[in-house]
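Next come two complexes, and both contain subunit A; in the first it sits with subunit B, in the second with subunit C.
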Partner chain A sequence: MRRRLVAGLVRYAPAAALAAFAVAAWEAAVLVLRIPAIIVPPPFEVALALVDRSVDWPHHIAVTALEIVAGFAAAVVLGIGLAVVLVMSQFLARVVLPWVLLAQIVPKIAFAPILFLTFGYNQLPTVIITFLVAFFPMVIDTAAGLGSLDPRMKDLLRSFQGSRWDVLWKAQFPASLPFIFSGLKVSSTLAVVGANVAEFVSARAGLGFLIINSQVTFNASLAFAAATYLILLGVAFYALIVALERWTLPWAAPHRAA
Partner chain B sequence: MGGAPSCGVSGAVPPVIALRGVGQRYRTIGRAGPLHALSDVTLSVALGELVVVVGPSGCGKSTLLRIVAGLDRATAGTVEVEGRMGIVFQDPLLMSWRTAVDNVMLPIEILRRDRRAYRPRALELIRLVGLDGFQDRYPHELSGGMQQRVALARALVADPDVLLMDEPFAALDEITREQMSLELLRIWTETRKTVLFVTHSIAEAVFLADRVVVLSARPGMVRAVITIDLPRPRTAKLRGVQRYTEYCQEVREQLGLIV
Partner chain C sequence: MRTQIRWIRLAVVVVALAALFGGPAGAADAVKFKLDFSPVGYHAMFYSGVSRGVYARHGLSVDIIPGTGSYAGVMDVAAGKIDFAFADSATLALAALQAGVKDVKIIAMVLEVTPYSILYLRNHGIAKPPDLAGKTMANFQGSGVGRLFRSFARINGVDASGVKEILSAPPTYLNPLVVGQADFAPSTVNQTVNLREPARQAGNDLAEFRFVDHGMNIHGAALIANVQTLAQRKDLAKRFVQATLESVQWTARNPEAAVDELLKSNPQLKKDRALAELRSILSVSVPRGTTAGDPQQLGWTDAGTMVRTVDLVRESFGLSQQVDPAALYTNEFVTRP
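Entry: the complex of A and B
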């Protein structure tokens, strides 16, 4: 345990040193070049904004986190579900796939103002945008994973009198898990972006709302602080998925890079 | 050939596998016309017998096994198999996300049998195939030969009546291969399964078989059925015995290698 901790420190020390150097350089540059805080706030002021009691951080963080989780969860469930349907039925794949591809090409954020008009100025439009942005990689990666099974494995299961569902659940689904996890990683980062940008449009609360609001009030350190929390949310989210992957896919461990 | 038991099944033991006039044509795209894979194959395997089908690459011997397994349908002739089958393919086809014992348990799960009741049997089979202590390893932690042993245990776990083997040792190095032949004979002696084994190795065929069925090049037809009258249990020493080499020569003759 202690050895792992030391090994971890040694491994991430260079990256941490780089971050510390960047922050120090930033602080120094702002001081030396006398850049006004409304243009680039020094890191110290951003740090103060992070703990500023006059901003209801827990509320805004919770609003954005909920939107991300809701949109992402819907994308995962419906994305995997649609991928299963596409793989199981060639007919439905022919009907649906062109529309899924079209939906991916459409710039979804362009519909955000309309969604706010339709569903009101609450969290739902943001959740929908988050869902739309995160949905596509889930479908594509899961479908690719389900299709990645060695066809001879299907023969093997059929030789044991296995049904199509046996093939799906015993073979295709587990074989697709590494693909699903790479889809989850892409989707989760997109979900953070989606929620944030949707909040820019017309939200009443949330980290994206704070960022767009600080533009009007010339409060750059507030924007940086909100972005920092957004980054932390994204990192926490990503780390959760990586942890889940390690726990679920112990057999894939030797093939995984860092 | 007709329906006569042309393969000379010994005594009154009823056949477990009976193929009559089996043919297979594949429709192909283009002008080449249908691919004629098998033609009029009549063959029977008796209870507890170990029959090896040997033939050149592309003679349709794997197709023949797939037809027996019910994975492909013959375009001509009839196929009768009594009892359940277990199959071993050339590749172990293990599930990388399952440990050795869980791979062995796969047929039990598919057949919706009681997992807890069969687990001791799965572990016993792992011992039988010589993998004691490796039951909790993942496939990537096992060598090719060990993976194929797991595949063999998996084929045996649901206690099939017939064991179908499609070039199961072809991907292994020669040393492992000879070792696996010996192991297979030991397991066959212990379990008394009916075995239909397909290979392109003449030495392997003669070493293992009660009878060797020689197929011609495409379309695969039965050239000859040679009863291998060599004593059992067979050991590696057999490979130096004159009768054994004579049988190998006979198979080569039937394959048209000796003119």
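Entry: the complex of A and C
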């Protein structure tokens, strides 16, 4: 037990030292360069803002987390569904794929106000924007995974009278799981960005709302604190998916980078 | 027995009538009201109206929606997605001139005098408006007040041809001014109180040229509504204007208490800063609200000031289109001072 603890400390000590150095450099830079706190607050002020009881942190974190999870869930379900359709039908792939690409490239921030105008000033447009931002990697990675099956495996299953569904469910889908988890990891981080961007456009609560509101009111320490919680939320979400991947695909663990 | 039945019937009728006319929560009309920006100090005028029950007393259940600039508010009202918005008069004039928005009117002028001002650094060799010539302006893309600087320059003898610009994102575009990378910036009086101390910390002496003191006496932000709302829900508009003006006047007389009310729904705001900001807006832009006169003095849109507002927007934005300034407002919902 003690040996594991020491091993853990040794493993993460360099990262912790780097973090401590970054915070110290930040504090020194603010002092030496005389940067006003409304532009870059010292770390201590940000730390105080993180535990400021006058800010309803649990509420704001919950609002953003809900938007991220809802948009991400929609991206996963519809992304995997669409990838299956694209792999099964060459014709649909030719028709739909350009639109998927278009939806990815189009600057969401430019269209966000229209979504709010159309769907009202509630959380639905934020979830839609989160979905749009997170959707693309799910489709592309899943489609790549489904298409990665060795053709000889397909032929083998068909020779045993396997249906198209059997090939998909029993061979293509399991083979695509590492790809799907890659898509999940990328999409999860994009979902955090998407929800935040949407909250910048319109929100009554949430971490993105706090960042914009604190910038307008020149409360930079609050903006930095909200950004810190947003980063922690994103990291927690990512870690959850990595844990799920390790549980689902234990054989892939030694080859994993993250 | 018959007498008892009669009493029971009477009681049933009384209860039914009470349910019909006495149920305040269920009877209130829902109103969507969009602000010009994310909640700041001067929005205490509206939030206190909700928390103190002023709107409720007028039979209104007001849902305040944070804004992202006056232009978005005008467009939302034009599209009928929002019942009322708090938007800048000059921006409404711009929307009418440039985008042909015809269905939106001012129904009560809240900021009778524009809070626009040019923030500048005294220690950068600026003492009077002509000194702005050749200096660097902090601005953001699409800034209305930034474009109005053209008219400000003409009226105040500033040679604007040599003025350089630093463009950045709207919420943080004043940062270059605070640290002295820019010499001046178009903004509003409430930002002067926010930025004076941070600028001093960075070794700069921040001051302002208020538009109103420099030949730019135009109207500020107002309550706006769609003409369809005014035609179909006139009584609603009237109650909304009355309740809002009551709340504005109470705020003008009780700024500290109003900020306390604001903080109930926006606890992330800092009280001292919100109060300073509110006081600066009240002192410059709501001159009548501070007196103990007729509450209906507030809200009046002045014909001459509106003509000047439209003219200066046309000049600043280089627009050739025409719009009748009288078509942009109605004083139907306020009493003449």
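The working rule: the second predicted complex is superposed on the first by the 247 of 258 C-alpha atoms of A that agree within 3 Å, B and C clash if a C-alpha of one lies under 4 Å from a C-alpha of the other, contacts with A are read in each partner's own complex, and residues count from 1 in each chain.
In the analysis below, contacts are C-beta pairs under 8 Å (C-beta built on N, C-alpha and C of every residue); 3 or more make two chains touch, one makes a residue touch a chain.
What you see is a predicted model, and the numbers here were worked out from it, not measured in a lab.
**Student:** Between subunit B and subunit C, whom does A:212 touch in the aligned arrangement: first, second, both, or neither?
**Tutor:** A:212: touches subunit C, not subunit B.
**Student:** With the two complexes superposed on chain A, say which partner A:150 touches: subunit B (first), subunit C (second), both, or neither.
**Tutor:** A:150: touches subunit B, not subunit C.
**Student:** In the overlaid three-chain picture, which partner chain does A:16 touch, first (subunit B) or second (subunit C), both, or neither?
**Tutor:** After superposition on chain A, A:16 lies in contact with neither partner.
**Student:** Touch test for A:162: subunit B only (first), subunit C only (second), both, or neither?
**Tutor:** first
**Student:** So, A:222: does it touch subunit B (first), subunit C (second), both, or neither?
**Tutor:** second
**Student:** Name the contact category of A:37: first (subunit B only), second (subunit C only), both, or neither.
**Tutor:** Once the two structures are laid over each other on A, A:37 reaches subunit C alone.
**Student:** Classify the contacts of A:203 with the two partner chains as first (subunit B alone), second (subunit C alone), both, or neither.
**Tutor:** In the superposition, A:203 touches subunit C alone.
**Student:** Given the complex with subunit A, which residues does subunit C contribute to the contact?
**Tutor:** 32, 34, 37-41, 65-66, 68, 72, 75-76, 79, 81-82, 171-172, 175, 178-179, 194-195, 198-199, 201-203, 266-270, 273-274
**Student:** Along subunit B, where are the residues that touch subunit A in the complex?
**Tutor:** My answer: residues 66, 69-71, 85-87, 89, 91, 93, 95-98, 106-107, 109-111, 138-140, 158.
**Student:** Give the list of subunit A residues in touch with subunit B in this complex.
**Tutor:** Within the complex, subunit A touches subunit B at residues 150, 152-153, 155-162, 166, 170-171, 174-175, 177, 249-252, 254-255.
**Student:** List the residues on subunit A that touch subunit C in their complex, please.
**Tutor:** Listed in rising order, the residues of subunit A that touch subunit C are 34-39, 54-56, 113, 117, 120-121, 201-204, 209-210, 212-219, 222.
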